[in-house]
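Per-chain residue numbering starts at 1, and chain names A, B, C and D are given in the order in which the chains are listed.
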Amino acid sequence: MLSRLSKQLSLSASTSRNLLFQKRFSPNDGTSLWSCSFATQSGTSTARQSFVADGSMTDKIFASYSVYKGKAALSTSPMLPTFRKLDSGGVKLDRKGSIMLTFWPAVGERKYDWEKKQCFALSATEVGSMINMGPQDTREFFHDPAMLSSNAGQVRKSLSIKPHADGSGYFFSLNVVNNILKTNERLVVPVTAAEFAVMRTAVSFALPRIMGWDQYSNQPLGTAHKNPSKVLPHLTDSEWDK
Amino acid sequence: MLSRLSKQLSLSASTSRNLLFQKRFSPNDGTSLWSCSFATQSGTSTARQSFVADGSMTDKIFASYSVYKGKAALSTSPMLPTFRKLDSGGVKLDRKGSIMLTFWPAVGERKYDWEKKQCFALSATEVGSMINMGPQDTREFFHDPAMLSSNAGQVRKSLSIKPHADGSGYFFSLNVVNNILKTNERLVVPVTAAEFAVMRTAVSFALPRIMGWDQYSNQPLGTAHKNPSKVLPHLTDSEWDK
Amino acid sequence: MLSRLSKQLSLSASTSRNLLFQKRFSPNDGTSLWSCSFATQSGTSTARQSFVADGSMTDKIFASYSVYKGKAALSTSPMLPTFRKLDSGGVKLDRKGSIMLTFWPAVGERKYDWEKKQCFALSATEVGSMINMGPQDTREFFHDPAMLSSNAGQVRKSLSIKPHADGSGYFFSLNVVNNILKTNERLVVPVTAAEFAVMRTAVSFALPRIMGWDQYSNQPLGTAHKNPSKVLPHLTDSEWDK
Amino acid sequence: MLSRLSKQLSLSASTSRNLLFQKRFSPNDGTSLWSCSFATQSGTSTARQSFVADGSMTDKIFASYSVYKGKAALSTSPMLPTFRKLDSGGVKLDRKGSIMLTFWPAVGERKYDWEKKQCFALSATEVGSMINMGPQDTREFFHDPAMLSSNAGQVRKSLSIKPHADGSGYFFSLNVVNNILKTNERLVVPVTAAEFAVMRTAVSFALPRIMGWDQYSNQPLGTAHKNPSKVLPHLTDSEWDK
């Protein structure tokens, strides 16, 4: 019962993201295509009043962590959240960030076809579930990118993380059933314990950032008032003369 | 005995915060109301010589981590500390930061009433106690928001964190007895292991920041002196010509 | 044998710090006094060509984590390292940073005498030893603040960290034998598991910073070139036209 | 089989680095020399369109963590990645960063010969493997700095990390067989548990940075719009009037 509630949460989390996407892409673009077009982007958005860039390429950062294995490759990268300004003057998290997992198949000896990539955007709670895994634990997440839209149920994605029999790592498996494109694809990437340790450390670093919590940082006070050109309005002398 | 001393510390910690609040709010405002009005605020303050904003809305950051369950919802967000300038020129932590937990009840199918919210501000030590929990551990914290004021004992808050029988997470329960408003409210939110992992990682990230320790960072030296407009006074060439 | 070598390392680490101090203070000032005068300071220095402030109070940051117990209080705070510019143009760590532990005795009901404080500056390796402790582990560190000077052996400091019998925390004990002032003081502070969790998390956050490793951060590229006034020389268009 | 794939990855990782080096250094320089010349550098590069400095000394940061033992010393320091600008306007990780381990032999009582240093650049995955070690685990990594070049196989480096019999730390052993210089050197440094805890904490801090993930950080919104001179183009009022 708890897990069902939890699943609903993760679904609605990815949904709020995807509904925003729906505004920008016709369903016929194909879910797997557009969702991946954001895989390595630094949380851009065309939403009005977004605090981040207007979708121009200048915001794209490409620094994924990628592992290449026999049948497919897997890359991991953060998608930062977007913020909007409130009439009150405050700033509010708009679209939640995520950790984007991108799978793409091998098509030969160390050759991989990026065009055939499939993505899965982990919500904060799904990231918490992943970094919390013990050596023998298993996880499975379900997403419907078109949930709550007229295409609900047309595309079903499931990600499973299963331990190697010898505890030396995990199998990451992404299954995408797309009734629009009439496709059913499955991509499996074995991840070693060392590679998972990198993923765990890197996504733990990224988690507060995709949540927007790096906004909760203090102004550098020790130096700010030494450099008048950088002093904020509320740090001017007038502040002290009130 | 140790735990009693420890409890005194956490009480006095939250007290120092609340005494400051007393200066700004008439007790009749109702503790639960005003304390929550700061729940998602980035450490604002009206204290004279505060290094952070003067309470204007422009400082508010809304990026809470919220979980919505059957009977209530729970959101977690940092409250940054405030600093004041010393006549000596140094900067000193003024009001300590905290991690604000806000509970608000469900009033229907996926409907929640924010007006009925109740808050609990975890001190640094209470945060340490929470991130230190094992799967079967239990925690209970007691706060008297009006402690040391004429209203001492009028409002009693207790937060308990108890493990699920199957170790799949914790129950977060907040009980608020308000003798001013003649109310006795209890809000319970089940938190899954995955959600707790997010809370643990996020508040561990926030802990040094609510303590003000992110002030202890080095100036970026590798590049600062390349960009004269950003060079600090003590980094100017004259420094090298002494 | 390894532990002896390790001890030598930690001694020489604190020594290099203290020898610098010797240049600025007459031994008669009393080691315990002057070392504490730096307890809550953000790595200032009067060393020529230091990259940090010239010792003016404007650099002082006071955000210690303090616990107050029956017989004494203990505060923990980072001391940032200092850097110097090389003729080559590079920047080099000059004086290593540390985590300063300051003990001061109780002189009545919740009254403490800051004038009687005693300090112990943990080196990076000693911090590693502390954050690595299991619930039943014990640690003991020895410092001679005047080591390698004419006053070698005149002041001996030892810090011991011993677990509570019930595993509910640790006793932090500082013993200072000062043959100059003819004093032998011992200060003991019980630290709860929750308080130790705060110390562990906070000093783990501070460790890379007292090592100067926060200098190893990338320039923010995603946005730098959008804001000409902030572009670094090597980021100007001329860079691309080479 | 997994471990073989994993090894191929780590080899190709260090290779991509080394092939870049090949462009700038004649093989006769000797691998150990040029690779170490970058040991304590903050990710400089002479590659065209690099986002970091053009190799001038001004970028060098020297803040290694070093341990000095009976027969050799070992220093650890991050090498930041380099980035390049895409015609599209995005920024892409160019040369991957690493954690550089530098060994140099003792030549007397506390005397060490830096000229005889040998280096080993740990890739992100090798760092993950190291921070993931249990008290009794062993690791061994193999690098061919000239891999895929005409000098492939001429220089073979292997790093092994083996636990002390009593679990009190690890032996770090670097073996370098250089068929160009006709040398076969072995350097061994015992690392205590405390020192390894510092290394683990420090490289865990550095890991997201050598991966370039610190680029994935949010703009400080709470204050940016208060300081017009720092507002980014997409944050101007015009943004809100669209």
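We take it that a contact is a pair of C-beta atoms (placed from the backbone, for glycine too) under 8 Å apart; a residue touches a chain by one contact, two chains touch by 3 or more.
These figures come from a predicted structure and were not determined experimentally.
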Chain whose average C-alpha position is farthest from subunit D's own: B
Shared interface numbering between subunit C and subunit B [over half = same, under half = different]: different
Subunit A-subunit D separation of Cα centroids, rounded to whole Å: 27
Distance between the centres, which are taken as Cα means, of subunit D and subunit B, whole angstrom: 38
Junction residues of subunit D, two or more chains touched: 42, 53, 58-61, 81, 91, 212, 215, 217, 219, 221-223, 225-226, 229, 234
Contact set on subunit A toward subunit D in their complex: 42-43, 48-54, 56-63, 65, 67-70, 77-78, 80-81, 83, 85, 91, 164, 168-169, 190, 192-198, 201-202, 205-206, 209, 212, 214-215, 217, 219, 229-230, 232-234
Residues of subunit A that touch subunit B when the two form their complex: 2-3, 5-6, 9, 81, 86, 88-93, 124-129, 131-132, 204, 207-208, 211-213, 215-223, 225-227, 229-230, 234-235, 239-240, 242
